[in-house]
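Naming follows writing order (A, B, C, D and E), and every chain is counted from residue 1.
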Amino acid sequence: MAERVGVYVCHCGSNIAGMVDVEEVARWAGANLKDVVVARDYKFMCSSLGQAMIEEDIKKEKLTRVVVGACSPHLHEKTFRRACQNAGMNPYLCQMTNLREHVSWVSVDRKLATEKAKALVSASVERVKRQAPLEPMYVKVNPATLVIGGGIAGLQATLELADAGYHVYLVEREPSIGGHMAQFDKTFPTLDCSACILTPKMSEVGQHENVTLLTYAEVEEVSGSVGNFKVKIRKKARSVIYQKCTGCGICSEKCPRKVVDDVFEAGMGTRKAIYTPFPQAVPRVPVIDRASCIWFERQKCGACKKLCPTDAIDFDQQDEVIEVEVGNIIAATGWKMFDCKRIPQYGYGRLANVYTSLEFERLCNAAGPTGGKIVLRDGKTEPKEVAIIHCVGSRDVKYNEHCSAICCMAALKFGHLVLEKTQAKVYSFYIDMRTNQKGYEEFYQRLLEEGMVFVRGKVAEVTDAARKPSEQGKLIVQFEDTLLGKQQRIPVDMVILMGALEPQADAKEFGLKLGISCSMAGWYTERHPKLDPVATMTDGVFVAGACQGAKDIPASVAQGAAAAARVQGMITKGKVMIEPIVASIDEESCSGCRICNTMCPYNAIEFDPEKEVSRVITALCKGCGTCVASCPAGVITGAHFNNDQIFAEIEGILWDAAASPHGNGSAAAKPQPTAASL
Amino acid sequence: MSKPKGKLALYWAASCGGCEIAVLQLDAKILDVAEAFDIVFWPVAVDAKVRDVERMADGEIDVCLFNGAIRTSEQEYMAQLLRRKSKVLVAFGSCSHEGGIPAIANLNNKNEIFQTSYRDTPSTENPNGVYPQPETQVPEGTLHLPVFYDTVRTLDQTVPVDYYLPGCPPEADRIWDAITAILENKLPAAGTVLGDDTTVCDTCPRKRSEKKIKEFKRTWQVIPDAETCLLEQGLLCCGIATRAGCGALCPQVNSPCIGCYGPNNGVQDYGARLMAALASVIDANSPDEIQRIIEQGIPDPIGSFYRFSLAHSLLRRKKLAKAGE
Amino acid sequence: MVTHQGHKHSSKFLAEVIANTPGGERMVHCLQCGSCGGSCPSGADMQYTPRALFAMINADRRDEVLSANTMWSCVSCYFCTTRCPQKVPITEIMYTLKRLAIRDGMAKGEDAPALAKTFTDLVEKYGRAYEVGIALFYLGLKKPMSALRAGPMGVSMFLRGRMAILPQKIRQVEQLQAIIKKAREIGGAA
Amino acid sequence: MSEPFEPKIVGFLCNWCSYRAADLAGSARIKHAPNVRIIRVMCSGRVDPTFVLKALALGADGVMVAGCHPGECHYLEQNYKAMRRFHMLKHALQAMGVDDQRVRLVWASAAEGQQLADAIDQLVEDVRRLGPLNWPANWQEDAQRLKALEKIAHEHAEAMEVLS
Amino acid sequence: MKYAYYPGCSLEKNSAAYDVSVRAVADVLGIQLVEIDDWNCCGATEFFSQDELVACSVVARNLALVEPQLNQVVAPCAACYLNLKKVDQLMVEHPRMNAHINEALAAGGLKYQAGRVRVRHLLDVIVADIGEAAVRDKVVRPLSGLRVAPYYGCQWVRPMDGVDNPEYPMKMDELFKWLGAEVVDYPVKAHCCGGHMTQISEPQAFELIRRLLQNAVDYEADLILCMCPMCQLNMDGYQNRVNHFFGLNFNVPIVFFTQMLGVAFGLDFSKLGFGKELVAAKPVIQAKLGAA
């Protein structure tokens, strides 16, 4: 039975009609396209009147298919599918084609634009006739959630969910939660003590009945899909029995092996081989760094084991891999600092008193290696002049094209701390001051009042090569004061490099595990940069904090909370709809050649060694269709994008091209020229 | 058998003749055929003339097994004639099904082919450059030769075809299956390819695993391991895309499938299936590396992907210099 | 694969500079950060730093730019180029500005064009550089005082066999001249 | 031909990046040539070489395949498969005498409306320069064939008359 | 190992010491240098200020003259090195430029296929192609006790990427550690010597030279090693005038790195062009290493 197709061409006011002869397109479609029984144009198809018109036609004209030529399906596909559904038609039998963004708005010639519109409508009509009714699928949502990363974004997300009564598995790579924020002394622009506002949150997480805290642990493998993920987590061997340890700290105190702490102290201080990164660490249970421990080096010492009052030390502990089941995942994996040695002209690593911003955070932290005293590397001299260099590795196409977002404000904070704690003069070398959040510009004004010197110019180099006696023994900062248009040199004692915030080194690789993608730079890609900032293209996986892009604490907290709210929404609803656009394999015809087996990054294709056929796990399939195109036997079908539908679309879109009917395929040939006299 | 005998015709167009021999491979069963059918036309074996066929009523022949592609006007005439006189027309073998080996000549045109065949080959002595002409005047009158086309066609690009029996040549038991089906009137829907709806891998005994290809190798470059999938050993085996029905004869003797059974059901372009599948499993992500693997490993893409199916492919032939502009 | 075309330059001069410099399209990305001006060994002697010059190019102030001394102070050390955070080929742009200034007769009062001319005339004539020639034709005529002060150094050089009185000439100097002639005919723009 | 040649080009654009880039070109009113007619697929990885061959065989003058930038695929890495297939297809098309310039793979992120519009203009310009492809004309020898067939039929008919 | 050799004009006369020492150490290390027949001046920076296509064509003539069987050319002068390399790269990256240059070359009956010849500096050849073991193997008189300050200048490291760090090069430092010298790691080793500014603006040029000498002296260098004739000429030839201009009394010998390489290989001072420098090097060297 032939399909009965309705074609609806929208004027969109004058948006489409201004460049496309919509009446002609509708007339033409009605007159020329096979199986079209109704073809109408209308001022605003998406209006309730427009929708009602379609619904009425479906009922009256017994339409079996609908084509709407209007704007982008990304805007109104849902609208028209719903209208069709209201009239009792399966929503997947409605096809939209884009006559606005792809035709009227980009064209200058009315005739050619109208031709293009006809081709697109023709393509949709041919296609829609071959579309099949599809039913959306639903899966139940496991109410537990995995949060990856125990920085401020992850902590916020964890608490929001746990407080709402849902279970959270919080996985942190380091021995303690807290993240970068735990390293800071003060936070801008309010100058709250970082520890004072962070540690209560940390201990709340540590004690929460709804939180399973897994520190010194890493996510190894994620399988399953939205609603039902299975996650393998490697708990690295702490060498300390978690249940027995009371966190008394005797072990660390007595441990004879001291090493430089490159992580928490950013190389500015030391820790023991058995340690918690900082006194307020959560959990308080220490870990043994086996690479530095004397016992693991030569089976001697064992001081910690001997002195532990609860016998909690276990040198033979092994890594343990556990599996948890969750419905949603929040990635809050944070950022890493740019390696300032990559810019040799700033002298970091060569000139002692050039510091990175993280080093300086530790330097002025009251709990840091100098007890918060701002002194040079010699440990005693207070600097008389301090230069702070912005945009080190940021806004530089050789390193990172992006603006790191926090450096201007952090530089102001540093300036304030130096001015407060020392007699030094402070210079800030900036390209553009960016202080665009609540209270930020006010803070900038405050620093201007406090006497911080602002110089507009990217520093060219920091050197110890003195040109005149006044420069001897100093670090000389050479730059152009761009407001004066003059090259200058200023001798200082200390230089602080505001290094760029970069994606974690393993962000791409880890993203693959989660099935989420990265920008070229390595930041996780959100579903929509404005309207869906914490969701990703993978349902059930959300991102929060600086892993999605450089951001400060307030923004990270907001994202943590936002991600938690999205997850709560999923949990409350209890089930999720999965678009039925999935692949399927005709097992009867599959020869088991296994070409498709490596096609799916979501591992949705499994091979059955018994039957020697491949099979699609529908719940894992995201519908990209790559396996469909790869199948040499042509036995994989992509629902809603199958070969017949696309071939028909190609034929329709080329309705005016030179082709003669094609006698191909195994069906009997179409008419060919024959000798008339025979 | 009380039923009156049916009428069978066989014809040989542009092909090597292997299909004719394949019929004889039926061995003793050929007697059953002879018992069931009167062979009314079979130029290679039976003394019946074209004019005998022309004299028949339309549809008088019950079954015609037509092998070979259409390359000349005479072949096209015979295809039309036999179509009209036969109830069931079967495209028999790769050449009539898909163009077969003769259709690789679609990479050239008539002039190039004539030049090579009648002038450039080392064994040819033709200093005056005399090429075959459709008409030649001799004292006795005009001599005619069939017109040689630029493009080889399949049988179904020439006349409507009822069934296809693929293979180069079709396997004897497949032929017998077809004949049995005809005799017992159990033929499937018209237009069917009489083979399996799966590919050669299904019948190939080799062990297959996930595929990642770093290098395509030519057959002379490796002595393949007898157990593992030939494709996984880098050999360009067409079994993945080729309709089953042959029993995986070639891979079983360590030789990669060359694709004579043609594409699976519903496939519009056999070569495209191979290209898509093979390219998909190339283990490289840089354009240069991908290019290198393809260009080094597959120097002759058309010969590799369309060995039997160029005429039947979507593009049918190489761009003809005179066409279009 | 996608090329960026049709950038609309509000400054005609900017378009001209870009068109005459291989890789010049990076100029539109200039952040005015001053790492060029800060890095330049001649920076202190410049009327305008390269950064300032780029701002003027953006403002279409052609005459002021071409009569500036900035490009003539350039020593081709390429610090600006390697340090520029936006990969603007600054040194090459300096060459472009020199060429435009010479072509349009805007380089008055500069010594560098004369040195360049003397140098290249000699190379064109002999195929090799000729230092004594430069001393005679450039320093001798243009900067007699400087030549005089350099005198003792020249003598020391000469005594150590480091100065050739007569020019070295290549064998196929006509070939070189033909190449130069043809190149001039084609026209120098990138 | 009095009418100027307007190339007919089929574009296969992925749902997430390049189709949205085309949407963006629209909302930003970036004018470009109307010759590329867009077919939406979920991913450039869905693009089967058959689609391209089909379009050419039906008379298209060129084909564009567009996807997310390598490394930014919304399905993680499927555009690499598109890239591999595209190279393979080009290799074959070259052997079939299809000019390299007619079939193009383009990467455009959802933010690159301008770049996609530029790529469309470039392709259209290149194809316009190459002229119509008109692939079906490659095998249409109808006049010659019909004449030859009529001749055979005629001769045979004559012969039959003589015989009877 | 066989390379084409492009000495450049400076090495003919004013830096003949460089030329002889280059040839001498190349000989010791088994580096075969085949001088390009009838090469012409690279034009320094001077053609580029006037006509880019002429500048490129003049350079390209030399590339075109490199013998067809050789695909690498060694240029000891940093300016020549940059010009040769820059033009080759320009031709690779800009097809139009490539076509124009070849059109000009054709007027002289020549052609050059962009990218055919890889342009190398001798320092890079010694460090990368010959390598530590082979170099150490040839050392007969280690330079121990001698404080050498490697000076790289500009145009070997900038703007072309990849051979050494453009801000803080280390290849010569490495090489001289192999020779046993005390290598002075001083910050201005890749700063500018003033280039042709000595001809245009003496105060400007002299200040640049002063900074280099001052820094080397601050770091207690015995001598400065050069890899470019212009740098050597500026720091050595003009040292006296710089002293005069600023009222200073520098007395730092400036030698080519190949000369000291020759010393370490035990070659005779006279065969390495010593004595041509205005600030005598031999006394300083002999004072540290003892008379040869």
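A few comments on the model shown:
The rule we apply is simple: contacts are C-beta pairs under 8 Å (C-beta built on N, C-alpha and C of every residue); 3 or more make two chains touch, one makes a residue touch a chain.
Just so you know, these numbers come straight off a predicted model, no measurement behind them.
Between subunit D and subunit E, the least number of touch steps comes to 2. Graph distance from subunit B to subunit D, where chains that touch are one step apart, equals 1.
Of the two interfaces, A-E and C-E, the higher number of touching C-beta pairs belongs to C-E.
One simple way to say how far apart two chains are is to compare their mean CA positions; for subunit B and subunit C this gives 70 Å.
One finds 53 Å separating the Cα centroids of subunit A and subunit B. Each chain gets a centre from the mean of its Cα atoms; for subunit C and subunit D, those two points are 49 Å apart.
With centres taken as mean Cα positions, subunit D sits 35 Å from subunit A.
Among all residues of subunit D, those that touch two or more other chains are 48, 50, 54, 57, 77, 81, 85, 132, 134-135, 137, 140, 145, 149, 152-153.
Across the assembly, subunit A contributes residues 345, 599, 626, 629-630, 643, 647, 662, 674-675, 678 that each touch 2 or more other chains. Touching two or more other chains at once are residues 77, 80, 268-269, 273, 276, 280, 314 of subunit B.
Those residues of subunit A that touch subunit B in the shared complex are 588-595, 597-599, 607, 612, 626, 629-635, 643, 647, 662-669, 672, 674-675, 678. By the touch criterion given at the top, residues 48-50, 53-54, 56-57, 70, 77, 80-81, 83-85, 87-89, 91-92, 95-98, 131-135, 137-141, 144-145, 148-149, 151-153, 155-156, 159-160, 163 of subunit D touch subunit B in their complex. Interface of subunit B with subunit D (complex): residues 50-51, 54-55, 73-74, 76-77, 80, 107, 134, 144, 146-147, 149-151, 153, 268-269, 271-273, 275-276, 278-280, 282, 284-285, 287, 290-291, 294-295, 298, 300-302, 305, 313-320, 323-325.
Subunit B makes touch with subunit A in their complex at residues 77, 80-81, 84, 156-162, 164, 190-193, 197-202, 208-212, 229, 231, 239-241, 244, 263-269, 273-274, 276-277, 280-281, 312, 314.
Residue ranges of subunit A in contact with subunit D, taken from their complex: 72-74, 98, 100-103, 105-109, 112-113, 115-116, 119-120, 123, 508, 512, 515, 517-520, 525, 537, 581, 599, 601-602, 622-626, 628-630, 638, 641, 643, 646-647, 649-651, 653-654, 656-660, 662, 673-678.
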